[in-house]
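In what follows, structures are represented as structure tokens.
Same chain, two partners: subunit A is paired with subunit B first, then with subunit C.
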Partner chain A sequence: MDIKRNISRYSRLIVAMLVAAAVLGALGAPTLVWICVAVAGVVPVLIPDRRMIFLLIAVFVVLPLLFPMKLETDITPEVQNMYDRIEELESGSVILMSFDFDPATRPELYPATLAFMRHCVRKGHRIVTMALWPLGVSLAEEAVRDVIMDEWNVENPDDPYIYGRDYVHLPYMAGGVVVANQVAASFEQVYPRDLRGTPLRDIPMMRGITNLGNIDFTFGLSSGDPGLREWIMVASDRVGIDVGGAATAVSAPEFYPYLQAGQLVGLMGGLKGASEYEALVGVPDTATAGMDAQSLAHLAIIIFIIVGNVMFFMDRRGKA
Partner chain B sequence: MKKTVPLAIVFVTGVAMIVQFFIPPWPFNVLAETVQSWVRIIAAGAMALGIASLLAVNLNKVYRQREGWPFSIVTVASLIGMALVGFVWGSAETRLIPVDSPAAYTRFIEAKNISVDDAEALDAAIVEEVADIRAEVETRVDVPVTEGALLREIDSRFQRRWGSSPAQLRSAPLVRDFVEAQPQNLDTVDAIPRAILAVRASVYEELFEAGEFEGLTVEEQQALVEGTFQERFLAAWGVSPAEMLGASQREVRSPFFWGYEYLYYPLAATMFSLLAFFVASAAFRAFRARTPEATLLLVAAFFVMLGRVPLGDYIGEWVPNLAGWIMSVPNTAGMRAIMIGIALGAVSYSLRIILGYERPYLAGGGD
Partner chain C sequence: MQELATQDLVGLWIAAILTLFIFSFLYKDNPLYKFAEHMFVGVSAGYILVRTWFDILMPMLFQRIWIPGVRELTVESLMVFIPAALAIMMLMRLVPSAGWISRWPLAFMMGVTSGLYLVMYLQTNAIEQIRATMVPFAVAENDWLHIATYLFPVLAVVIVLLVVMILIRERIEVLYRKWNIIFPLYLIVAGIVLLYFIAIHRTPEGVALIENQSFNNVILFVGVVSGLVYFFFSKAHTGAFGVTARIGIYFLMMAFGASFGYTIMARISLLIGRSQFLLDEWGGDAIVQTPVWMSILLILGLLAVIVMAAIKTRHDESH
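Here is the complex of A and B:
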């Protein structure tokens, strides 16, 4: 009886997988058909165990990282707008980068950080980093080390970025939206000293930057609360300066109303947004490399959804 | 009284914050700034409270040996361990340690059969050594991608091998001469920063005794001392005090950073990455077209997932366009409705708190 039930189950699974392969193939991607067929052949044998689903996802993520497919990505308007706004700013403009995330979301948001900072440095903009999350400060230091010290200063020894003249690190301050609100009035009131303990008034770059009104563009890297929403409320709505940001793919849909209302100039949603910005800056990096893995992982999940639903309808028909 | 005072504080503070939004001039702007500074202080205090709570809950669990108590030991040990490391070595990413570059210099020239103070032969040997390390680094799979990171790795390996960086090795004779020229006996290399400061102090004393500070402001006095000190140091040693300091110290990653980079970061990223596996499993088991609404959600998810990755572009231009339309029209409409709903709810709840109908801040709800 058990054997019969299992055979019946496997046969339904095979049919379901072939239907999934056919649907995806019919969408106009003949090159992907072989993937669907291959999965159709493998999945039914493995699927009865949840751990096998995990294994398949791992395979779909790891294989493209080892053997890149180099899929090219289109640029969405929200990313293009932000890039254009940074391009339009005069060299020497002041960009505030708020690192409102922590290592948990680093793989998704750090590529966006690097791409954006790289663009700012190439344009000669000055950068102020701050963090509404405690561990954001370390990520800011890391980004400066990767983009400014290891890249720009090595490639341009005659025109290096110098701390205090071209960029400044501000430390973490507890308080979330209240911190953003107070820097709208005065940086020095919230940050008497920078991350290195130097009084803010002794830093040449900060002499002309007393509050948020002296900032030309605010860029929020957000993986939750407090984050980009707070910068929209304060920097965009209250002070009236341009705000852009990067958010995890899960939270990106929340920001579309702000994009449509013009409160947000641009948005990099997840790794895809970062890969688009990398393409615009002309330096393909980890986000671009991760697109292959993300594409196949999405494909795997779509296949699982199709298979699950085909099985569901077959079961329902069987019971009826 | 126990209820009236908190209720009055909440009412007055709440109303004052509403008023300052509509009437920003003095005294309401000062009031708003003061209250917001209090909020920052309370937020920082809440962190201390959180740490105390974490300790209390986990220590209690260990004491009573409740289910999963060994994990509580790990939590408490990690908390105390990282805090101790931070207090002892500092929480900055790097810290400076002294370098005995004259000793490293002696070791290097003996190993390479170079005569003392033969700068040309020393330079050639260093170049050869750096090339050797570069070849070794470049064969590794995890070779740093940028030239700057590569140079840092080479520098770090050179330091591990010889006790100082190539630049420090080149300036080691200078450091040796500086140490020998000091009137006091410099027992340890970390005395060099103190010796440099002593030179500065002697310049200050000399200018003070000569009456050079008369009529100058504090800032002007400091500028005079700094300028004279830099000038004299450069004339005496051929390098600036900062360069001399750099030749006797090196930057190393702090133990706190190691804990962050090699323990916390991989653990946190792993936890977040597990989402992909759970989403896949949930998609297979639960994402079913049981009702028309669920079918709509399923179809939308199908196209958004396909359209938000490059794979969608390969299928056809219409796929990312459709995904973009779903995101900017139905999604935005839904999100906007949710946001307006939340905002109206927050306003009405805040009003209830200000007027005293809701009292979550009183123990037991104030009843």
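Here is the complex of A and C:
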């Protein structure tokens, strides 16, 4: 039996992991944390099957969603900077939100979308949505429905957000950086009509917004190319307006050089960045709810890496 | 609890079942996973086609182009013929004998994109990034010290020049034989480090030094220089050059580690997203509100798909 053999071979490792879990429990760590350490440290040793890893990760993601631990989230400077910049803008400022992602990365970027849009609406900023990705259009419509129609307009019937006056949807346009570059010169040249088919010149809000120079802040929701990088090149470096964004965690590290260089005002990296923005706006939503699961899953993966390495070195020593 | 319409309930059930089909791949590859995967690709392609038709082709081409008797002749309505012709030329790829025609619009697209990127990409990713690495080693809230400390990057440039001299030493062989230039380089680096610590610890009264920022800037400088040295392959990585390259490797490994950590976070976030959907939207509202007749239909439908998948698996295995 594999299990019996593994118990005898890795008995020291199993005992060490159980002791570590007991110590964490004695120090007052949340119950789920020390259970995670014990289970993630022992079960894959006993049953070395990759599917066991999948199963454990699934368990450590689902458990905190069912039983939240409410771990605290620190606010990083890059998220705080973006929040502060939106706060500093005068009410009625124009925010361009570019939905450059699709449903495949929705779990990461949609919470950031909602948190940012909620902040803009509360500050009374006007919003122009557009998409360099074809599937981004429906996500823009969904975000407006969730934040403006179902939330703000229901809670504030005396001061509703009205299409054409406070927000406008622009359709998808192919071309990536070419579109961004053309928008810098003229919106109407690229978008003769909005998503509803109304000529842009007939939309009251767009009368004073002829090109990117009339935008106060560009917010790119990026899951690849074209995306935030194109907006940095055009809006920040060419036109000279503030650019912030939310990127999938995979691509977030690529944008830190731009933050350091001041080409990017702020950045929400993955679900963590979204949860920070939710905390700043004061409306905890799905990103905040997911942070416990994220933390516990990361802890489990760290344990897997440690245990895997220890097993590797024990095996090598045994062979020698 | 939010009241769900019938079409929303059906949508939630379909989404939940397809999610579970996709998760079934974790056990092993199977027809249910393939079915969901193909459906995702097909639906996405169909959606993109519809969006492209209504958002681009209709407003940008068909509603602008000159059609006798329908739209009057203007410069704009004639200009649209150019992209229309390029688009048709692109479709020539479907005709093997005329496939070469599609190279013309491709060349046009590549030319335009290259022209745009050449300037903007260089500005954003080279010039701005180089400018951002020219930072003072000691940052103070007071302006005069801030300006004075720009002397440090000047010294840094001297170091870089010295390194370049070492690299092209074959060409200045005489000079190199006369003095071992590595030695003065060590001295200058040691001098700069010494000056840096003096600046940090012996600031004049009333000067508020931002130590974190100063330290970050030093790290940035070391990381950039050593990272660049690592990618210089025209000289063997030995001696002082090798040590610098090794430091560069450590910086690169840290960058890769950060990327790996973020990648793990991304994958877990996607799992969290689907778990929240299954637990909250489907498990919370949809299951409770699903009428009995719909449950029976869904279960029968699901069974039919599973049976078909099993038959296909058996058929594939027998062949």
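Just so it is clear, the second predicted complex is superposed on the first by the 279 of 320 C-alpha atoms of A that agree within 3 Å, B and C clash if a C-alpha of one lies under 4 Å from a C-alpha of the other, contacts with A are read in each partner's own complex, and residues count from 1 in each chain.
Assume contacts are C-beta pairs under 8 Å (C-beta built on N, C-alpha and C of every residue); 3 or more make two chains touch, one makes a residue touch a chain.
Just so it is clear, the structure is predicted and the values come from calculations on it, not from any experiment.
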{"item": "First, second, both or neither for A:289, with subunit B first and subunit C second", "value": "second"}
{"item": "Which of subunit B and subunit C A:262 touches, first, second, both or neither", "value": "second"}
{"item": "Partner chain in contact with A:232 - subunit B first, subunit C second, else both or neither", "value": "second"}
{"item": "Touched subunit A residues, subunit B compared with subunit C", "value": "B"}
{"item": "A:297 touches, of subunit B and subunit C: first, second, both or neither?", "value": "both"}
{"item": "Subunit B versus subunit C as contact partner of A:181, first or second or both or neither", "value": "both"}
{"item": "Which superposed partner A:72 touches (first subunit B, second subunit C, both, neither)", "value": "first"}
{"item": "Contacts of A:193 with subunit B and subunit C, given as first, second, both or neither", "value": "second"}
{"item": "Subunit B versus subunit C as contact partner of A:61, first or second or both or neither", "value": "both"}
{"item": "Which superposed partner A:312 touches (first subunit B, second subunit C, both, neither)", "value": "first"}
{"item": "Footprint overlap on subunit A, where subunit B in one structure and subunit C in the other make contact", "value": "54, 57-58, 61, 102, 105-108, 135, 138, 173-174, 178, 181, 249, 253, 257, 260, 269-270, 272, 294, 297-298, 301"}
{"item": "For the subunit B and subunit A complex, residues of the former touching the latter", "value": "33, 36-37, 39-40, 43-44, 46-47, 93, 144, 146-149, 151-152, 257, 260, 264-265, 268-269, 271-273, 276-277, 279-281, 283-285, 287-290, 298, 301-302, 305-306, 308-311, 313-316, 319-320, 324, 327-328, 331-332, 335-336, 339"}
{"item": "Footprint of subunit C on subunit A - complex, ascending", "value": "51, 54, 57-58, 61-62, 65-66, 102, 105-108, 134-135, 137-138, 171-174, 177-178, 181, 192-193, 195, 197, 229, 232-234, 236-238, 248-250, 252-253, 257-258, 260-263, 269-272, 286, 289-290, 293-294, 297-298, 301"}
{"item": "Subunit A partner contacts - residues on subunit C that touch it in the complex", "value": "26-27, 44, 47-48, 51-52, 54-56, 59-60, 64, 112-113, 116-117, 120-121, 123-124, 128-129, 131-132, 220, 255, 258-259, 262-266, 268-276, 279"}
{"item": "Residues on subunit A engaged by subunit B in the complex (per definition of touch)", "value": "27-29, 31-32, 47, 50, 53-54, 56-58, 61, 71-74, 76, 102-108, 135, 138, 141-142, 146, 149-151, 153-155, 173-176, 178-179, 181-182, 185, 189-190, 249, 253-254, 256-257, 259-260, 269-270, 272, 291-292, 294-302, 304-305, 307-309, 312"}
